[in-house]
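First chain A sits with chain B, and in the next complex the same chain sits with chain C.
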Partner chain A sequence: MKMKIKKFFLILSIVVLLTGCAEERVLEDLGIITTAGFDKGEDGPEVFGTFITYKFSQQLSNVNSPIHSSGRTAQDAFHLAFAKTAKKLVTGQLRAVVYGPDLAKEGIWPHLDTLQRNQFVSDLVYITVSEMPSREVLNAQVFEEAPNVGIYIYRLLDQVIGKEEIVDSSLHEFIKNYLKVGVDPITPVLSIEEDRVIVTGLGLFQDDRFIDTIDLHEAFYVRLILDEFKAGELQIELPTENYRQFMEDFEPSPEEETFEITMQQIKSASQISPKDSGKYHFSIKIRFEGDIRELTKELDLESKEVIHMLEKDMAKKIEENISKLLEKTQELNVDSLGFGTFWNAKFKGDKKLTEEEWRKEYPNFQFDIDVTTEILRHGITQ
Partner chain B sequence: MKRKSTKKKQQSLFPSTLEEVEKDLNEKALNSSPDFTMKVVETESNQRVGFYFLYSIIKPQVVYEQIISPIQKAKKTLDIKAIDNMIVLPNSKQESNIDEIAKKLLQGAVCIYIENDQSCLMHSVPLQEHRSIDRAETESLIFGPQMAFTGSIETNLNMVRNMIDTPHLKIERFILGNKIPNEIQMIYMNDIANEENVNELRKRLTSLQSEDIMNASVLSQKIEDNPYSFFPQYIVTELPDRFTYSIKEGKIGILVDNSSAGIVAPITFSSFFESTDDIYGRWVIGSFTRLMRMFAMIMSITLTPLYVAALTFHYEVIPEALLLSLGESRNRVPFPPLMETLILETMMEFIREAGARLPTKVGQTMGIVGGIVIGQAVVQAGFTSNILIILVALSALASFTTPDYVMGTSLRILRFPIILLAGTFGFVGIFFMVAFIIIHLLRLRSLHRPYTAPIYPFRFSDFDQSQVRIPFALNKRRATSLLPKKTKRKKSNADQHPLFNTKGKDIDE
Partner chain C sequence: MKDQLNIPTHLKFRASYLFFILYNILIGVGIVEYPRRVYNYAQQDSWLVLILVALIAHSIVAITIFILKTYKSTDLYGILQETFGNWFAKLICYLFIIYFFTVYLSALAKYTEFIVVFIFPQLSKFIIGFLITILIAYSIYGGIRVIVGVSFLFFLLTIWVFGLLAVPASMIDTNNYFPLFNLDRNGLLQGLRVSAYSFIGIEVLWFIYPYVRNKDKAMFYSQLGVLAAVVILFISVIISIGFYAPKQLESLIWPVLGMYKIISFSIFERLDIFAVSYWIFIILPNLILYAWLITRSLKRIHQIKQKHSIWAIIILSAIGLYFIQSSIKLEALLDVADISSIFFVFLFPILLFPFAIIKRIRGTKK
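So, the complex of A and B:
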């Protein structure tokens, strides 16, 4: 027994002495970065970094004071920031990364690589681009109850994505889309308005280069095609002309040419099936159902005819909007929706698209869009 | 050889005069005790009879009324046999060895000697002062009988006998202690208790070489499987109902004289988290509290180490919602998390120990001083963060949910090495220590039976009586990990419960 105890202490002391203590990162001594922004520096290959950290003091937490630093790469900029704060900068709680437009247009892959290799950075970090330099976005002074702008941006994106408005854009998702043949990444686009950060739309990427943005209305259709809705919301405008006969009496002569209809509790399912007809042909089938939330004109919704007409017109409008969106991506030659992957998932061997073929052929892809809508409930009108 | 010769010498004392016997007994055998008393009575037939006793440990009234006065009144010539017939008390013995006589006197006997006789008569009339049957102090019950074992083995056995009045209750008596002998009783149900367990325990008791047995707690530590372990391997309980319940389930109980507690063996780790209250209460309450105690145990040993590890090394695992309040409260603290936690945990132990050692009336004041004054002031002075105060209080509270005080304290002390490792190695340290504890528990045995049963070795059918408590209608078997002689419970009409017969119909349907 005595030998055993001796042995135990020997092993224990060897373990302690040889490994030493782990590197200490005591919470209050850390500058915990919540959001990092990267811009193109003034000259040459410089990267300008902006870092938002936690402030563990109630007096200071209302003031936003980002740390700026520049270096040759994103990692370098982060590394050189150590001299600009009394706290030890760490990235373990990083929630979002904002890339400025200048940098994003040149390609963000080199800067993403460092995030991907860093074991402290979660795969669920949000990747975003901004309309103006990210240092301006991160300088926002209004951030509601959040402890700092970084957390505000994180909560904003969480809320927006959780509300099913735009598709997910985590680091994992971005890298997957970047490396995969047949799909280009998308990210949310941030901007600043009245000193607060807002989401304005989706940024379309070609490979890792930021090309253009689409607004939130168009962003809805991206999600409609790619994902399914469980509780979304959509506003469409319809021509008044067709419904003149159903209008209520007290509004005999509507001047406006269109009226708005808002759908709520949208459930949707989409099916994309590639067809080989000599050309790259895709049929997009979307089932779409929801409740009417808002109608800017009084219509007699009791009649089935009106409902059918609304459903038909809405389907038409949605088809139109989708084809507009697809045309735009084809013009820009960005396959943000990943039709290339749908093709490659179905066809094998020679028919499979290589990266070059896909880039070359994407503008010539053909789409058949077929939307069926159904109005489940239209609310009590009387 | 030498001993034999002295014996012979002593035997040659008899016959002698009363005064010689007194001198021999008191000065040689008893080392001149001040309470040694000799009473000489001259009978009507002019015989001198001496009574020798230690007046502090005999019942004086019994001695005078039952022993001395009948002899005093005797008219014929007396011999030892006649005296024995005269005295109606049981437990008489003839003795001629002076050492043996002294030994008996120390146990509360009266020695009667007729002058110039060959031997003397011993009558046992011991006086044992004990507290009466009282409420349990260390283990308290809500529903159960509000009584605890007393210091007297007769009273304790009386309680056990009353609770289990069947001839199957087998009691074996041992006298242990080379220097100061003490009576020990091993109690079990001979139709249920596993024979190997009984033999093993009997072997351990008989082979125990010890100067004395202070009480049940000491005895339990002397017959443990692993005396070096952190964990108690027998339950020492002062509750007679818990004691008898365990015996009825096939375990073995040990009672020790002059000890107000009984030992239960063999036990498992989970039985420390069971209370008889779980059985008295409804099955939902019983199951819930048992699971809760297990959870509380795990929480009490890991909560503060997790705090230390997360704040020292793993800031990235702290949820975003918690980070700010943690950081803010830590901001003023001058110590690293490890020091901070050790200070507060030590303080908590101070308060607990002070509360335990102080008289009850002062103890309450201690609670207020410790809880409010220190707790409040420590945070205000920036000594510790208020979140840690919550965690320490919570884990201390959780450790007090363990029904067994010894186990609760062991677990509380176990927290310190985990905190130390958490502060030097982070989560790795915690896992290392927890793994170490689990391996130790797996190796531990109680009376050669696995300590961690029914989790390992896995006996799913035993879970219903250890980790949870099922309704009695379903409880038809004893726990098999105890290897009882009879697994099936004796005929019960639990399955003819009205619920099963009427198929849920109302009585007047």
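So, the complex of A and C:
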């Protein structure tokens, strides 16, 4: 029995003493970075870094005071920031990285590679681009209940992506799309408005170079093709002309040429299949269903005829918008929707697209777009 | 029948535990990097390669059990002694001991590498390795029943960790699997070669077989154990291919651990750190079984007590860990384990097979 007690205390002391062997980290002594921004330095090849950290003191919680530092690389800028704060900077809680437009236009892969190599950085970090230098975005003073602007940006993106407005843009997604032949990465674009950070659209990349932005309206169609909606929302403009006869019951004669219709609870599914016809030919089939939430003109929704007309016209409009979007990507030569991967998944050998061929041929890709829509309900009124 | 092992009945265990032993010895550090290793050669058809290797592994298990059954109740040393005489049996067993030690050391070094890279970059591998070996020594002191118990318990403790892979599985890009059957002969052969490392551990049967109480069921449960390991390997390969971009998978050292980086719960944000720490429950039975194999073979040859020889292993592995601090040296060690596994796991039973058949034929004539 005595032996057992002795043994127990021996083991206990080992357990207690050995925990001291590893490095200790006192929470209050750490500068926990939540968001980092990188810009091109003013002179030469320098990278200008902005770092937002947690503050544990109660009184200071509403003041945004980013740490700035510049270095030759992103890692260097981070490393040199140690001299600008009394806390030990750590990256384990990094939630978002913002790249300034100048830097992003030159390519962000070298900077992403450092992030990826760092085991402490999560793969779920949001990668974003800003319209103005990132230091201005991170200098925003309004960040609602969030403890700092970094967390605010994270919550903002979480909310926007959760609402199915834009596609996911984690570090993992970006790296995956960058490294894959046949698809280009996309990221959200951040801007600043009345001292608060906002999402303005999606940034299209060619490889790792930021090329252009599309607005949130167009971003809807990116998602429509790439992903499926479970509860999306869409506003569409339709010509009044065809519907005049159904509007007469409500108002004499509408003057506007067009009216708006808003769809909610959109469920969608898309299917992209390459076709072998000597050219790079793709058929895009989209099934789309939802509820009417808003009409700017009153329509007789009782009649089946109107519903069918609406369905048909909406489908046509969506097809138009998609082909506009695709034309835009072809002009910019960015295959953000990844048609190249669909091609390569179907064909092997000589027909497979190499990286160069894909870049060269993408502007000549041909698309057949076929959208079918269905209106399920029209709210709680007729 | 000069060398029949008489294992006391209280040390024997039921055949169903072979399932846990084989599963545990097959699933270890290897699985963490297996998807990348096989993908380098076989690309999107990696899963096909895995199925082929699995079929080979299943037949190797069948051959091994067939040989063991022929010789009734003895282990590898006994079989070799009866067939080839004393000194040759000793030689082969020594080779096995060296091989076991290489595998043991590479697994230990690999796991300490995870800890250093993911959690404590400043900690010496030596300290982590030392702490783990204390646990191993404890199990060896406990004897075979503790080791079997550990296998059983840690199977239940760890099997759900692979269930978490459902999260990356939901982010799969199905385009990555196509076109199917794009494999050339070279890719297939190289893929088969690197897959061998994942099947290191089947040799445990050579030494643990005499401890099985109901030997008629041994075949069924060991095949089942191998099958369970194959299923886990298959899942990890399939998810890795779909989850990563091709170039990404080729460049990631530990794709399976990397997939845990994408899992995040509101109360537990970084599952990868949890996964790395929790992986010790996967590694430990593995290491314990190898340590047992080494000490057991030493006991068979020289009657050295296992409680003594385990300290030799601890000291030797500490020295080993001291010398393999860098990942390049570790890779070199893994390559040795890799190549030797092809002989010890796959070729050796086939070489022994004819002798077992001859013995059976002679036996029936008498």
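Methods note: the second predicted complex is superposed on the first by the 357 of 382 C-alpha atoms of A that agree within 3 Å, B and C clash if a C-alpha of one lies under 4 Å from a C-alpha of the other, contacts with A are read in each partner's own complex, and residues count from 1 in each chain.
One rule holds in what follows: a residue touches a chain if its C-beta (ideal position, glycine included) is under 8 Å from a C-beta of that chain, and two chains touch if they have at least 3 such contacts.
This structure is a prediction, so every number in the text was calculated from the model and none was measured.
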Side-by-side fit of chain B and chain C on chain A, or clash: fit
Which of chain B and chain C A:Leu124 touches, first, second, both or neither: second
Chain B versus chain C as contact partner of A:Met1, first or second or both or neither: first
Contacts of A:Leu18 with chain B and chain C, given as first, second, both or neither: second
First, second, both or neither for A:Asp350, with chain B first and chain C second: neither
Contacts of A:Glu194 with chain B and chain C, given as first, second, both or neither: neither
Contacts of A:Glu144 with chain B and chain C, given as first, second, both or neither: neither
Touching partner for A:Gly92 - first (chain B), second (chain C), both, neither: both
Least Cα gap, in Å, left between chain B and chain C after the two complexes are fitted on chain A: 5
Overlapping contact positions on chain A, where the chain C interface meets the chain B interface: 21-23, 92, 122
Footprint of chain A on chain C - complex, ascending: 117-118, 120, 122-123, 127, 131, 173-179, 182, 244-248, 251, 258, 261-262, 264, 269-270, 272
Footprint of chain C on chain A - complex, ascending: 18, 21-23, 92, 119, 122-124, 170, 172, 175-181, 338, 341-342, 344-348
Complex contact set, residues of chain A against chain B: 1, 16, 19, 21-28, 30, 32, 54, 56-58, 61, 90, 92-93, 95, 120, 122, 147, 151, 154
Chain B - residues contacting chain A, complex: 228, 311-316, 318, 320, 323-324, 326-328, 330-331, 333, 336-337, 424-426, 428
